[in-house]
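Order as written gives the chain letters A, B, C and D; numbering starts at 1 within each chain.
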Amino acid sequence: MKTKFTLKIFNDPIYGFISIPNQTCFDVIEHPYFQRLRRIKQLGATHLVYPGALNTRFHHALGAMHLMSLAIGVLRSKGHDISEDELNAACLAILLHDIGHGPYSHSLEYLLAEGMNHESISACFMSALNTEMKGKLDIALSIFNGTHPKKFLHQLVSSQLDVDRLDYLKRDSFYTGVSEGVISTDRIISMLQVVDDSLAVEIKGIYSIEKFLIARRLMYWQVYLHKTVISSEKLLINILKRAKYLAGRGVELFASPALRYFLYNNVSVDDFSDGNEGLKQFAKLDDNDIFLSIKVWMDCGDKVLSKLSGNFVNRDLFKIRLQAEAFDEAEVNSLKKKFKESMNLDDDEIGYFVFTGRIANNAYNPKIDRINILLRDGKVVDVTEAADQLNVTALSEPVEKHFLCHPKMSIE
Amino acid sequence: MKTKFTLKIFNDPIYGFISIPNQTCFDVIEHPYFQRLRRIKQLGATHLVYPGALNTRFHHALGAMHLMSLAIGVLRSKGHDISEDELNAACLAILLHDIGHGPYSHSLEYLLAEGMNHESISACFMSALNTEMKGKLDIALSIFNGTHPKKFLHQLVSSQLDVDRLDYLKRDSFYTGVSEGVISTDRIISMLQVVDDSLAVEIKGIYSIEKFLIARRLMYWQVYLHKTVISSEKLLINILKRAKYLAGRGVELFASPALRYFLYNNVSVDDFSDGNEGLKQFAKLDDNDIFLSIKVWMDCGDKVLSKLSGNFVNRDLFKIRLQAEAFDEAEVNSLKKKFKESMNLDDDEIGYFVFTGRIANNAYNPKIDRINILLRDGKVVDVTEAADQLNVTALSEPVEKHFLCHPKMSIE
Amino acid sequence: MKTKFTLKIFNDPIYGFISIPNQTCFDVIEHPYFQRLRRIKQLGATHLVYPGALNTRFHHALGAMHLMSLAIGVLRSKGHDISEDELNAACLAILLHDIGHGPYSHSLEYLLAEGMNHESISACFMSALNTEMKGKLDIALSIFNGTHPKKFLHQLVSSQLDVDRLDYLKRDSFYTGVSEGVISTDRIISMLQVVDDSLAVEIKGIYSIEKFLIARRLMYWQVYLHKTVISSEKLLINILKRAKYLAGRGVELFASPALRYFLYNNVSVDDFSDGNEGLKQFAKLDDNDIFLSIKVWMDCGDKVLSKLSGNFVNRDLFKIRLQAEAFDEAEVNSLKKKFKESMNLDDDEIGYFVFTGRIANNAYNPKIDRINILLRDGKVVDVTEAADQLNVTALSEPVEKHFLCHPKMSIE
Amino acid sequence: MKTKFTLKIFNDPIYGFISIPNQTCFDVIEHPYFQRLRRIKQLGATHLVYPGALNTRFHHALGAMHLMSLAIGVLRSKGHDISEDELNAACLAILLHDIGHGPYSHSLEYLLAEGMNHESISACFMSALNTEMKGKLDIALSIFNGTHPKKFLHQLVSSQLDVDRLDYLKRDSFYTGVSEGVISTDRIISMLQVVDDSLAVEIKGIYSIEKFLIARRLMYWQVYLHKTVISSEKLLINILKRAKYLAGRGVELFASPALRYFLYNNVSVDDFSDGNEGLKQFAKLDDNDIFLSIKVWMDCGDKVLSKLSGNFVNRDLFKIRLQAEAFDEAEVNSLKKKFKESMNLDDDEIGYFVFTGRIANNAYNPKIDRINILLRDGKVVDVTEAADQLNVTALSEPVEKHFLCHPKMSIE
């Protein structure tokens, strides 16, 4: 017999090793569309708060693929029939689930036409890749879109307990050093079941599910919705909005050709069809395009753009206050007035520096989606019913907060 | 008494927390010169091989400062007199030890005048910062330069067993996922002593020192000198050499203003004095400038630059072979001939694609430097004498290898 | 200066190293009373469920001492005045806090006179040690008893957030492999404060406190009150009760001399005064005495003792059912009847094999004790008020369960 | 389809979870012979030096079984044919490999007839179990004994790179907290191959093998042959020798019935055949029998046994010196004379307190056994040839040391 050597293996500080399960996955990973994810940080500007948070969407996609193959291995060992083609397709589906993400999370969406988001762009990328790969992604796409007969495969890709969440919680927790988010992916996956074509978790794993829901909530407040993180993201969005505004007025700004395309054109979903310019240009964008341009804009002629860019690059972030109720309009106006004077800004400009908004989170939404728990007697109940230890219902109430941002400075 | 709140704390996945020990350290960290290190990866292009290796020089400098304050705490607890000013200065010295590093490790040095390197640039940065901070870095600089009376403080900053090495080995090991490099920094630091103004390690810690030397060697061959890493670095250098060559001939290339300065001028050490343009421009450079330009150069008019850039961006890296002896000249020439034809290159161009070189490593050099071991009877000996378990001498012989790089393609 | 060498250091898989802070601590650790804790498992028979749970009270006491010295270091760095004597005494107090624990947790208390427990026995040990050490434990005892002027030192030893809990949660989590209990002791300790002589936690650490409360609850249900753990503990108690009953009737049983003392005498608190026989004999007992006797009792003449012992040694544990409400008496009686027949037992004997009981837990009891949170404005509030993210109140409601145990066998 | 629930799972702090692969393994684990291993510490008295080292042979056997099933999974995925029966048998073989170990490692062998050791006792246990299980262990025994046609399965059980070593190095490292022994079992296992019916490691894994050899050596010197560990083991052996000597003279000593059997009889290999008394009694022995007896012997009438027992129980261990050459006879005699006088001992007794000996270790013995490395061209070479980075040959030279033990006391 000819010796088969170990397939390509990626080192991963979290799982140790990630093996590529098949040739199609390998080809997708090698494709420039996917390699681009190496240069897109999973957590955008969060590293300004947690300096270790430099993990990429590339590594996350590989990690989620790893968990997918573990999960399918567990389900097969419990007697569920999953063909080799379905295994491969499920791995491809999860590998591609974030392919449409732009640089710095959702910030770039502010440069695009209304209604475009990373989901719709992902769909364009998948379709283009499938054409190029002559239909090899057909099953993967049907799993991704939920049209494949085995619904539970779709749930592994996208549900309250999908391998996407399992990987990103663990990975983000690891890289930020916020140990509260560490979850036992091994344990959860080993407890997976399928009942009536739906994913379920054996009751033995109930504590790990509780821990998962709590970890998710703690990660939201300590990382994803950390107030300094919110402050940096809002700053970034204001920078891009200002640049787009200036570009719209014909002001010449430094930019890479790909970023220039999105600054100086009104790009809509039509531009993203197979072979069209939008997709091609988008595929060339990554975090470097955004950051480098902002760095150069520090020295540009527009006072607003130059100031905002300096704040971002040198981490002179806006102050942010959070509270349960909306901010008093009079207070906000008074702040605006103060900064208009001290910074010598006009009415149009002040909104880039002093502004309010709202953030929300709920760790588990039993209305939209369920986490099925399989009892020993074969019955399936929702986790909120099965968990008598901890008030999981409390976890499912959305928590909402209002924020107010403004520059540091004289008023402190 | 007024309650003193916890000072600024950085989350760190490795040590859990890093506290800023004093206000001057805090001010240095906030300075744009230091913030720049957030955008310079410790390991350059290594993440093309180990996708987790995105850790920055910023985080490393903080980590080394953390170990410094631990080490000084240990030495004080053993009765060695170290003043508060000296503690602060030692922390500052290690914080600043890499301040002159350019993007992608040493690759940028190929754009500078002969003899400039990150050490000389670091000296320029420190001097400029000290001027700006009105002499607050005086003691730190004397420790860094080895002119401070307590030599052992300099050894903590720079020697065979400095906190720089202790942190980077552990950090690089953590982020690459190459667990072989994990070292017990806690144990080593707890065993530190000072004898006759020199750092020493108590004999009880001998196994940890052996482990440290071995770990360092394994990290060299598995990470720092990994053949694919070498291949990517050589590719990067060739790209920058080609760009510099083209710039010298007046060809117009995309670049950020800061990178443009180094491409289109012959910058020498004089340009880096306090207040001069070189330092200012260098302070604006980071990994983004290099990578984004290379990405844009993929579409430039020069065939060589365009091809090399594509190889780098899409990770189509050169094949590399390693061997103990130099490569046979006839073999290299035959390879060159083959690729000249298949790629339609001329004599000047082929050297960017097919080339040879040499790499070397020795984990411990007892000729240059020693690791002192303090025996129970008070005598001090070199680690090579104290370690009877493992042939540390074997570790101190340099290992040298020759490499040959060439594109993938038809010949495979 | 004479070189001071590193003091005695214990390896610890959890903190890496534990240093002995002073000579008195060292002397206490060397004392046979304390060395005895090496042979008393922290978690009794839990290793029958979690095979790694072999950690001892000895290691826990060292770990808690380690956290105590860290905590005092943090409080000092924030300007709180704690003398060297107080540091030493606090370390001694926590080192000794569990000195009175008998083998297999509380099971031995069933052999003692009413009202004796590990707290009262600890007091006897401490008093005897202090006499022997000529008053060197005076301050430690006053801290332990809460009579020392600085109340917060007592709170570090015993309160809702003492170093005892911090260490055992982390340690038990580590050895059982139940990762849900891992807590950031570093983070919690770094956030400690003292306000008006009471321990408090800075508001920045609120999420870690929430995590701590949740982790504690999850550890209760997954480990401390795991149903199979409960089942083994109840079995052990029944074994000791039966042996005591037989001894009371003059039946001769195998036992070490120390265990014999407690089996064949009615030992009360008077026997534990300084120099009295009870304390001396108790000081000779550890897990080995209990387990080995049970193993030999497998072959003894009493059917009940022999059967129960076999169940324990060969891990043929009783079935246990948990439910929210009390078990129906008729159901219990019917079970008893069944087993009386199948096992040929009489009315007195069946109660060792079929029995019911009640277990309860509340993670945080705001009525008895508080966890103070120090807000940024200097005000102090209870954690239930400060935590808006998670319904900590839910965590403070006691959860109670009823259990029913019976042998496996024909009825399954 | 009927839902198959997750099989029995053991929590393991090292691998997270260990699943029982099949029913026969489950039955063996439940057997009292195997449950006994729960009460035999892997590292004997090492916990006197490393307090965490309480891990058992039970947990190790489960861990090795886990690695076996991973290894076989990897080999199957590379196209090597291994039947389900062979998988089960290999798991059984490794599960049983240490079944004959007595309490406190090899110390008990001093009570048995010449030539009996844990290997021969293991064979007796396996044979007895196979009889009881009606031949279900046939293939497992043939793999264990090396008579099964596929030799590489035997190598997984017993060779320089077997799963036994892989698990115990990692496990002992984990529990002692000596991080130098941590090895990448994942990586090594993922690189396994079979060539010509022999185990081999793909060249890509060469660094991990080097690390494994180094880790093994460091663990030898830091743990297995740590001088205080040696000192406690020698003390233990002297205690048992003295007890056996006294028993031979008819002195009545406290002991459990099982230990009594070995003290008061001359037990030889014949007593261990199927159904014979020796095996039955041995199967009842564990660490508790030994330790409890020693504790009681502290108060026995024989001065030598009483003194030695006190030293062990209260951790008043003998001083031990190590050196490369043998100790000078005159020096040893002078020491003996000194202690004979100060302790009032006669010529026969002094040898229990002052004695010399020899310990040795070689991490890798290329003469006896090889670690095959599979090169990319399909050739197989020994690791000493393949490893050019580190002088593995140095690792294969045995290191030998002489020791001298004597009580602490007046002479210090």
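As a convention for this text, contacts are C-beta pairs under 8 Å (C-beta built on N, C-alpha and C of every residue); 3 or more make two chains touch, one makes a residue touch a chain.
The shown structure was predicted, so the numbers you read here are calculated from the model rather than taken from an experiment.
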item	value
Chain whose mean Cα position lies farthest from chain B	C
Selected pair, greater C-beta contact count between B-D and A-B	A-B
Inter-chain centre distance, chain A versus chain D - centres from mean C-alpha coordinates, in Å	49
Centre distance in Å when chain A and chain B are each reduced to the mean of their C-alpha atoms	32
Chain B and chain D, separation of their C-alpha mean positions in angstrom	44
Where chain A touches two or more other chains, by residue	16, 179, 184
Chain A residues within the chain B interface of the complex	10-14, 16, 30, 32, 35, 38-39, 47-48, 50-52, 54-56, 58-59, 62, 174-179, 254, 256-257, 284, 286-289, 291-292, 295-296, 299, 313-315
In the complex, chain D residues that touch chain B	179-180, 182, 184, 207-208, 210-211, 214, 217-218, 221-222, 324, 388-391, 394-395, 399
In the complex with chain D, residue positions of chain A that touch it	1, 3-6, 9, 16-17, 19, 78-80, 184, 186-187, 190-191, 193, 195, 202, 204, 374, 376, 378
